[in-house]
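The following blocks contain the structures, represented as structure tokens.
Shared between the two complexes below is chain A, which pairs with chain B and chain C, respectively.
Up next, the complex of A and B:
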């Protein structure tokens, strides 16, 4: 019954019970078994301090989208409180399935050398039925495909010589770009080169930790955070101006969550870790604005939850606004329901689809040439649930610069 | 005038009165309890809620220590749903005399209280929020005791054995015929109707207010009221009871009660005529925080929910009016013997911890006076709620709702944990109270108002102090009372409830508690339009105009 109170974060004490968080929770809106972030977070924490008997299994429904944290007027890190409570409870023993879904860098390492086979196999109906039955990975959503050549391999062999540029930045590519879809990484190199900035990679990098946190592998997430932070430090002590990420979730994690959730002190580095959009807008403002050709496309922009969390949507919009020939339609700021690995899980698939349905309908009614979003998980969800192709904002920019891969 | 006949009238709905009512009922004696307000509204509901092991008294008062450890073991059995076996630590801080620890351990051993001497590290492992500068600690079988539920469970058992509770009924005089007390004249505080209860024995268990009851018979019982103030923290900052290993002093007990922690108490003499108007002084709050931080440094960074105070009913023995001969022990006076006034028995002194023993001793005297030979069984008979549950909860009820309802009501929670959506709807989110639990408290536990519901369920006792739940609960209260054919002015009741919450918040109005109070004000006065209700417009938000019928400062 007794709880180690010293381990608990007490920021929940600031909650004034206004319940705005619950009104903004995409899960509470459609899943009646989830009591919402107020009760699961600050309210529940008081009970969990009383004893483990009061732990609510319904915490598993939280997608960690962090819309509650955006809504909170009191600065309570509700999503993090819930993630920590889940991990502390030890009730959600990760399954093999959760291991496979969350260890994105390891899976990439295993799958990329045999990518065509993996990609083909994960499209075969009977295989998906088996995965559904045995692993509880839902048979309906399309699974991410793997790239034959990793981004790192491409960068080493085929990227132009970066040492010709006076200015250098370090690119934290993350798992998806390395193993699944290298396009955005290649586009970043092209765009920055067009702006006379060279790109370096870290000597090594690990998954940022976001899927590990969501699946209860806190220790692994923390050890990744330590390794990555050491790598960032080394790069920033060298000739790199800053570290850039092109994934909104990776970027939030490596900059904010390492310190606030995983207890890895990176505070002296955070001012030099950027999401691509803030870096580019700063450059544009300073006059480093390359010539753009009209792209003449109609796009529907979807704001990823974790980009909203860090207040970054406005910078992506600023980039899109500067591209000539873009007809920009803003989708409502709703969660798409994928939440990283959440939507792949059999028990969550229906919830995930119900959360995303209004977005899918809105996309249909706009009928754009492309949906644009900064998050690879949102991309997978929209492409799996609609007939539209999804681009990263950098890829739109690369087209305008005529350097698209 | 309405007249009711019974064997025994018990005056006072504190733990002692409730215990006597139960003891009478279990012995087959017909009894009625009259209380001018609600149960557990006086000193019973205004203390630490500490299940003493007796260790606190071991050095200074070994008799009390022995009583405590004996009752401690009894209550853990008969009132298991009102008790939490947290254990306690007596910390020796650098400013304390370390040699006292040996005296303390020795005295505990003599009183039969088991102790375990711990190093600093062992103690910190058990209680990580304890002051890390401690020199060492002694572990004792302290625990927590919920005074509201304890009183309520005693009443419930008594009622189920044929007794009757008349709350909101004030005694206006004693019926004295031919030199014998033969009952009480009362006033129904809700309807204003007089009622006479005729009985063979009257028990004065009115605590500090017992002096006034005695005056109705021209008897002199001199009370020496001492005020004690406490603070409630937002959440459990400690999981074991923390004490200082030294002679008892101000603000040296930190108790984890239910979802919160309590630090207390101060001790200040107050004039008897002020007992209905005591307030927490701001310097007491300073002392409580300063001393509390020494037990658990986190206390200084945590939100204080409320401040409240109560009056210790200290009584002078042997008619001494100087106050030199004050007893903290149990005082029972059979006025037939001491004052040649048969029919009246007074019980006073003692403490929450020994309420059952006081009730046993009093009922023994009452039995003797009635020439009955029945024996007391309250030390062995479990209270309602303390037996194991026979049912498992409906699967659709969430774990915290189920666990918190069982924590509060034991197996009696079976009666209201139902599968239907309406009854499992959460009304009070801080304390996880469902509509079903509120209906149960109204129908089975004699709750007439929102404030009564608070004492029986913890409604409004969490961080929001009624902000979220008060209006929801008001609706449930009105609907349920209507079903029973009872009318209520719900706006007035809601106002009284919010004012009583506000009263406890006011002395600690800073930081997040201030933001919370402000938000509550805006919600009720603005959003919900309470300011347009007559009941609300009559009361200005001003501490001096807060005048609930209850006249003491503030409750837990």
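Up next, the complex of A and C:
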């Protein structure tokens, strides 16, 4: 294994044993077999230093939502300690199922050319029963559908000419936009064009690594991180002002985990890799604020865990508040339970639903026109578990600008 | 990104200040690095429990009046008695809105809180789940008190609490017994049922079935008692509701005792305050921390956070609520005490040897507990001898108080947080009017 996971790091010792992380853990709240982040992270690490035999298989329950890190008053990276321990000592080896769920870019490549068939097949009950029985992919949640035309194909063939714009940025679209739902990518192009900014794509890109980390494919995550970082560097050395991502989990992974977990040093670049919300707020404040028409919709905003982790929720709210005709309702900041690939797994489905239940109830009681969130996994969970459609904030903005796809 | 008011620190002081600003319609942000000291606290609000001579105070307001005379630089001195009263009554109204009502005794005197070790501590406001015992005199309505634990909860020893209570003069004529209740295994599904923390046990108990069973067991084990004392383990979120339910079903008067961290009464207050701030449209930046700020022309111009090098935060008014040493607002180097974000002036230049007493627990206050930032009479920060016009300091980053020995931390947090918010609201509305006139 090329990732250096040797435990030379004793930052877990900053833990003062207050247990406040465990009070905020959505999994420990529901799943009594999970000992919670304090015991799994800093406490367990002391034991694990003494030998692999002290590794506790219950660590598999961790979703890497990182709420423990947000709660920690002592700056311990509890979630990362747990992820590293899982990769280093977990006896639970990734299954074929985990491979399929986590290799999102590969699956996209395989599925998009035959998207209508894949989408139809994954809706057939007996198929889902088989997937459930053979692969342990739970039969109940709706699986992500694939797009017939990838975002890259659309961009190449149908996107308006981007070279007319003086200012240029590079868009890291990630797997979901490329293979599953291209809407947000198209909306980003429209919105930025309306603000007189052109969009380019990286020559090539790979999955950011977040599902790979969660499923224990650390080597693959690291090689993806290296490739992406090289691509970012190349784009930033060219005529791009910055790189923009529209997925909160990709963003967090690139900003924090490449360096701290995957040991790919991108620190000289991170200040030029933006989540869409910070970029837009900066532009708005500089006066690059295109005319907006009232959208007249009632929305319930859900804060994704990984956006909370990077302190970025307020910037999305700033954008939503500037859109006329938005009636904004804040959902309480609880985890929706999906956690990327976690909620699709048979052994986790019930836990995942129980974690999300209070959010689903709150959405019902607000009865919005749309739920809005920045994360594709949260979107899948809410759409699968409620009767509400979920929009990305960029799509709301695109509507206000009259450029919605 | 621009704010009207930006608060650094999400503890009691910061949240109080943030909520008051948000109530007034200001665009308010709170940058909070992790959960605050509330998670370690009893959940009661101390105002002033002891005077400067370490004598127990029955009337905290009379005590504050005297304190302001003896020690005018105390944080209470910058707020003033009238504003302290206003702040507390505002907080009590807020606590009702948040459905976690805090009350004082009818006579506005201090009340006694019973600790998990069976000691008595003076406090002023407490939630409905606690005893509200008078501070002085006998307890005529108590003849038999039961201290009850649930087996498997590791952070409470009922025998110890019971023994210590019996040693108190207030409890001389009272029978105190200790009981450990065992719940059937099928009701406790934690993987380690012998060593649960408060939060883990609460997740087992927080449902109607288990509470009913607990009530039955309690009735049988306790028999007749005027008061049942239990550690705070019934529910992380709905403590008062579950305690009332248990009291009703068992027919017993039950009070909860704050435990070792995680302390559920403190957490509940913290959670409700955060939730309220969100619902008022407050902007919480958690998961990040403030790294530095630029000061020009006597004002904070912008704030930079650790995780976000891409966008500075700007605010018309900034509030420092970063706490004392424990929360990292103050740091101790080898030779000096520093305020860690802006390097503000602090109230001590004493050498390290004078920071602490030789013995840690000899009952005497340590000097370091009274260290803090220097402020002008309006609680605005001072750097290199000059006032920073738009930076208020609140809560335990302020010096000249002995929060532990005096029993004043909660009162200082609420009154300084509220008072700074009132100043900010006044200033911003005046500025807006002026701009309007022009």
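To be clear about the criterion, the second predicted complex is superposed on the first by the 396 of 405 C-alpha atoms of A that agree within 3 Å, B and C clash if a C-alpha of one lies under 4 Å from a C-alpha of the other, contacts with A are read in each partner's own complex, and residues count from 1 in each chain.
Criterion: a contact is a pair of C-beta atoms (placed from the backbone, for glycine too) under 8 Å apart; a residue touches a chain by one contact, two chains touch by 3 or more.
The structure displayed is predicted, hence computed values, not measured ones.
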{"item": "Partners on chain A (chain B, chain C) - clash or fit", "value": "clash"}
{"item": "Partner chain in contact with A:166 - chain B first, chain C second, else both or neither", "value": "neither"}
{"item": "Partner chain(s) touched by A:49 [first = chain B, second = chain C, both, neither]", "value": "first"}
{"item": "Greater residue coverage of chain A in the superposed arrangement, chain B or chain C", "value": "C"}
{"item": "Which of chain B and chain C A:93 touches, first, second, both or neither", "value": "neither"}
{"item": "Touched partner set for A:157, first chain B, second chain C, both or neither", "value": "neither"}
{"item": "First (chain B), second (chain C), both or neither touched by A:57", "value": "first"}
{"item": "First (chain B), second (chain C), both or neither touched by A:286", "value": "neither"}
{"item": "Which of chain B and chain C A:203 touches, first, second, both or neither", "value": "neither"}
{"item": "Chain B versus chain C as contact partner of A:35, first or second or both or neither", "value": "both"}
{"item": "First, second, both or neither for A:13, with chain B first and chain C second", "value": "first"}
{"item": "Colliding region between chain C and chain B, picked from 40-48, 112-120, 310-318 or 418-426 after the shared-chain fit", "value": "418-426"}
{"item": "Residues of chain A that lie at the interface with chain B and also at the interface with chain C", "value": "18-19, 35, 58, 74"}
{"item": "Residue ranges of chain B touching chain A (in the complex, touch as defined)", "value": "126, 128-129, 234-240, 258-259, 298, 301-303, 398-400, 403-404, 426, 429-430, 432, 462-464, 467-468, 512, 515-516, 519"}
{"item": "Residue ranges of chain A in contact with chain C within the complex", "value": "18-20, 22-24, 28-29, 32-33, 35-36, 58, 66, 69-75, 255-256, 270-271, 274, 278, 281-282, 285, 308-315, 317-318, 330, 332-333"}
{"item": "Residues of chain C defined as touching chain A within the complex", "value": "1-2, 29, 31, 33-36, 39-40, 189-192, 197, 199-200, 203-204, 236, 261-262, 267, 275, 278-279, 281, 283-288, 305, 307-311, 327"}
{"item": "Chain A residues touching chain B - in the complex, by the definition given at the top", "value": "2-7, 10, 12-19, 35, 38-39, 43-47, 49-50, 53-58, 74"}
